[in-house]
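Two complexes follow with chain A in common, the first pairing it with chain B and the second with chain C.
Here is the complex of A and B:
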């Protein structure tokens, strides 16, 4: 019965909260608006926005030394997680069945394991850095640790459920993923979407001034 | 909560626009911005992480823009912006931030921290939590016309000296001139050679120019403090004088914050575009040189490097002109390791040089600039900002370094044909 609840109503509920919550947060940002810049532009804002949206994904040389742990761990975690989410066989099957109605090529088993290990290494490194480094320790709030913990638990339960031999483990993984979806719009995990806005705004403003940001 | 703090809270809320909301929503508290801030890297004080300096503003955003903040607001006042926050953060907001924007260039989420820090200062100004030195500089600007108390009499006396030395007449209030020049009072008081250089260069280039007796001060202490009404008034003085004289261009002087104020913030402060164009002196010199109106007659082979003023280069977009000009007059020009849009601030920007309380901290973080110069081993440092120049000179003297600081405009004037 609990299984049916997790597989059915709770899934739809968490997905709805996630979608509405994300839309509400994004609408809140857009609704606040940004005043039109009356200073004559030196460069093209749209081009600058587009450029910065992509180039800020690359490491910035001036902080390569001091920020190497965050940067390396950040790449490991995000790339590993992206591969897992988009190309792991169980996930693709799930999307095909529940959302998209079609599937796509998936990773071989060894690729799945490798991506998981990379993502785990990145996440654990990021969290250790968060609690050990004086700056990130000072900056981090309860919500940041909750987000890290939830993502870790979802990934860990996903590994446990990898064999797909125990239904309970699959349900545990789904349940934790649903909790993550519920928490997502109210947390810093929103950067998954808002990074486009923040990089875009800065890229546009700086490009107007003639600076490649 | 007192009425003043309530107004400051409202101002903070007003400053949280869509950009700020996107920035706070994106921040993952990674702390990378701290690695770009000289106040942090030279002291290792975690409170100097740029994003931490924005905690008061973040409080307001969280309470108004997030569900968690709204819900917790019903049960607790923990997240409410209080007078203690202004008192505690005043030092972080004014003493340990040059608004240099280096942090804004490295954030992986693209957060423009300098933009937010500038806006946050507006609420601090309303709350009355502004360092004494900056407050009095603003007061002098509003009452006397200049943060250093430079009056029309001082200008007249300086111009008389300049005219005597260079043998040229400096035009004042000449209607129909093409260019109107404004100065930073530091140039008038400490570096009148800059005015002399302008007279020589403009004469050589055959430029039609003038000064205005109504608006000669270019710096804008209102922007540094965050007092937008005062900032608007200061910009309006220049705009009204320029439009009355009917000039086509206003020349922003060798002063970084003056350039940001008049070129980028000014039209937004007064709520309309100007009826003239603002050009930075380095842009103008570069343009004149490319057009063949500025003839260089000699070159220096002294090894020299360039200190990029943050508000002219990183926040102002005048990146290439100083390099073109230096290449034309100095064969020994070498770049610092971090230069251009990633230069390190002199430490005096954002009003810090006017804030006596911050002097020891400013000299401490100057070690970053010292290291840059030690790496190159040059004995001449060229810059294009009077404020940078005085701060650099103080820092060099403090660390007993034998480096000469010169102005790029003055260097060009020396090498005129």
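Here is the complex of A and C:
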């Protein structure tokens, strides 16, 4: 009964909320527009935007000096999670069955485990850092902690269900993933998409002024 | 044992087909088939006894016979399947020995040890109470742990707690949880614990390596440590016992974590990756080493958590904020505190609170207004 609800209606509901919510948030940001810059352009804004979107993903010298652990943990978590989401066998099977209708190459089991280890190491370190560091602790609101906890719980329940021998564990993982989808558009997790807009805006504005930023 | 059934059935099918091939072929090759013979023997001995016969359970006599034999003396029962070491033995008495050792020795003794440790901590708390900072809180602090040190400490703590909980479920769950959870729920919990334990195990090894590299220098035994030990860290007698940055107890705990915890982690890897030809004996030994060292470590860490939290005033501050109270340092690590004071490294408690954002902006504005 509960299993059928989690596997069926709740899944479609949470997916709909996620898609509409993300679209609504992105549209809201885009619709706000940007203030007109009346000064003559000194560089190509589009090229600057594109460059900044990618170059900001690379470590910068001041960050390398002061926040090495945070930076490494950040890369570990985000890359590990991305690989898990897109190339883990159970996830690809799920996408093929429920969303895309087709599958793609997946990681071997050892790769799956390695990606999980990397993602978990990154997430735990980042979470401890967030709570421990005075600056990040003050910057973090209740919603940030909820987001961290939900991401951790989804990953953790996924790891507990790795044996694929108990339907209850799979349903627990799916249920937590659905909660995450419902929470996602209304939280700081939106940075998954909005980083493109914020970096793009910064890059475009700076390039137009002729600043190499 | 039930896991062997599919293999046995498969082997029987294979043996039957070989037998058929031998009968139908013009020149059959004589293939020794001890597995099939052993299986036949088991089946024969497992027949229900006639009325008035011995009251033994079916197959018990054979099992007892196998238990009494040493591995090298096993005359029958070599499997033709590729395997390593004892893995190729058809019925291995070692598996049963290991099972009995685990259920009849490891589980009860481990349980008593852990229960005893908890009881001891409780008794100690009831008798001794919380160790206070005798001189009271100081207005000054000393910088004790860097952010990186605290980060890796909490990282290993997080991993250790997850591993300890899942490991205890795996070790004691059958005795403690199964009766009230029921087989279905317990099966899911045990499966989840196993997967979680396997996944977080390598992270513990990583954390252990980071802890070792960062803290090893300050944990080398030095002059004065033995005195600290002989006086039981101040528990024996009322005389003050001086110590360095880490006292003898902390240093011993560090080395236990590295050495005993290292054995736990490495034996865990042997169990986790059975890909390198490790045989059944090594796996059984690794399991034993893994469980024994883990129980020892959990017992030690219970004491560590106790003294770091409710057991001693001011002990947690260093690992929580990076700074410790000056009077606490004078009372528990006075040689180190003395050096810091000589170098002028004391910081006012208010500055620390301000740097940590624990002073409200209103309070700061009020101070500026004065």
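By our rule, the second predicted complex is superposed on the first by the 213 of 213 C-alpha atoms of A that agree within 3 Å, B and C clash if a C-alpha of one lies under 4 Å from a C-alpha of the other, contacts with A are read in each partner's own complex, and residues count from 1 in each chain.
FYI, a residue touches a chain if its C-beta (ideal position, glycine included) is under 8 Å from a C-beta of that chain, and two chains touch if they have at least 3 such contacts.
Owing to the predicted nature of the structure, the values given are computational and were not obtained by experimental measurement.
By the document's definition of touching, of the two partners only chain C reaches A:124; chain B does not. Within the superposed three-chain model, A:116 lies in touch with chain C and out of touch with chain B [touch as defined at top]. By the touch criterion stated above, A:38 is placed in contact with chain B alone, chain C being left untouched.
In the superposition on chain A, contact of A:161 is made with chain C only, not with chain B. Residue contacts after overlaying the shared chain place A:133 against chain B and chain C alike.
Looking at the shared chain after the overlay, A:96 reaches neither chain B nor chain C.
Of the two partner chains placed by the overlay, only chain B lies in contact with A:198; chain C stays clear of it. Looking at the shared chain after the overlay, A:25 reaches chain B, while chain C stays out of its contact range. Once the two complexes are overlaid on chain A, the chain A residues touched by chain B in the first and by chain C in the second are 133-135, 137-138. Of all residues in chain C, those touching chain A in their complex are 147-148, 150-151, 154-155, 158-159, 187-188, 191-196, 198-200, 202-203, 206, 355-357. Within the complex formed with chain B, the chain A residues making contact are 21, 25, 28-35, 37-40, 42-43, 52-53, 56-57, 60-63, 65-67, 70-71, 74, 130, 133-141, 143-144, 185-186, 188, 190-191, 194-195, 197-203, 205-206, 209-213. Touching chain C in their complex are the following residues of chain A: 69, 113, 116-117, 120-121, 124-125, 128-129, 132-135, 137-138, 156, 159-163, 165-166, 168-169. Within the complex formed with chain A, the residues of chain B that make contact are 16-23, 25-32, 34-36, 40-41, 44, 46-47, 49, 51-52, 65-68, 102, 104-112, 115, 263-268, 271-273, 277, 314-319, 338, 341-342.
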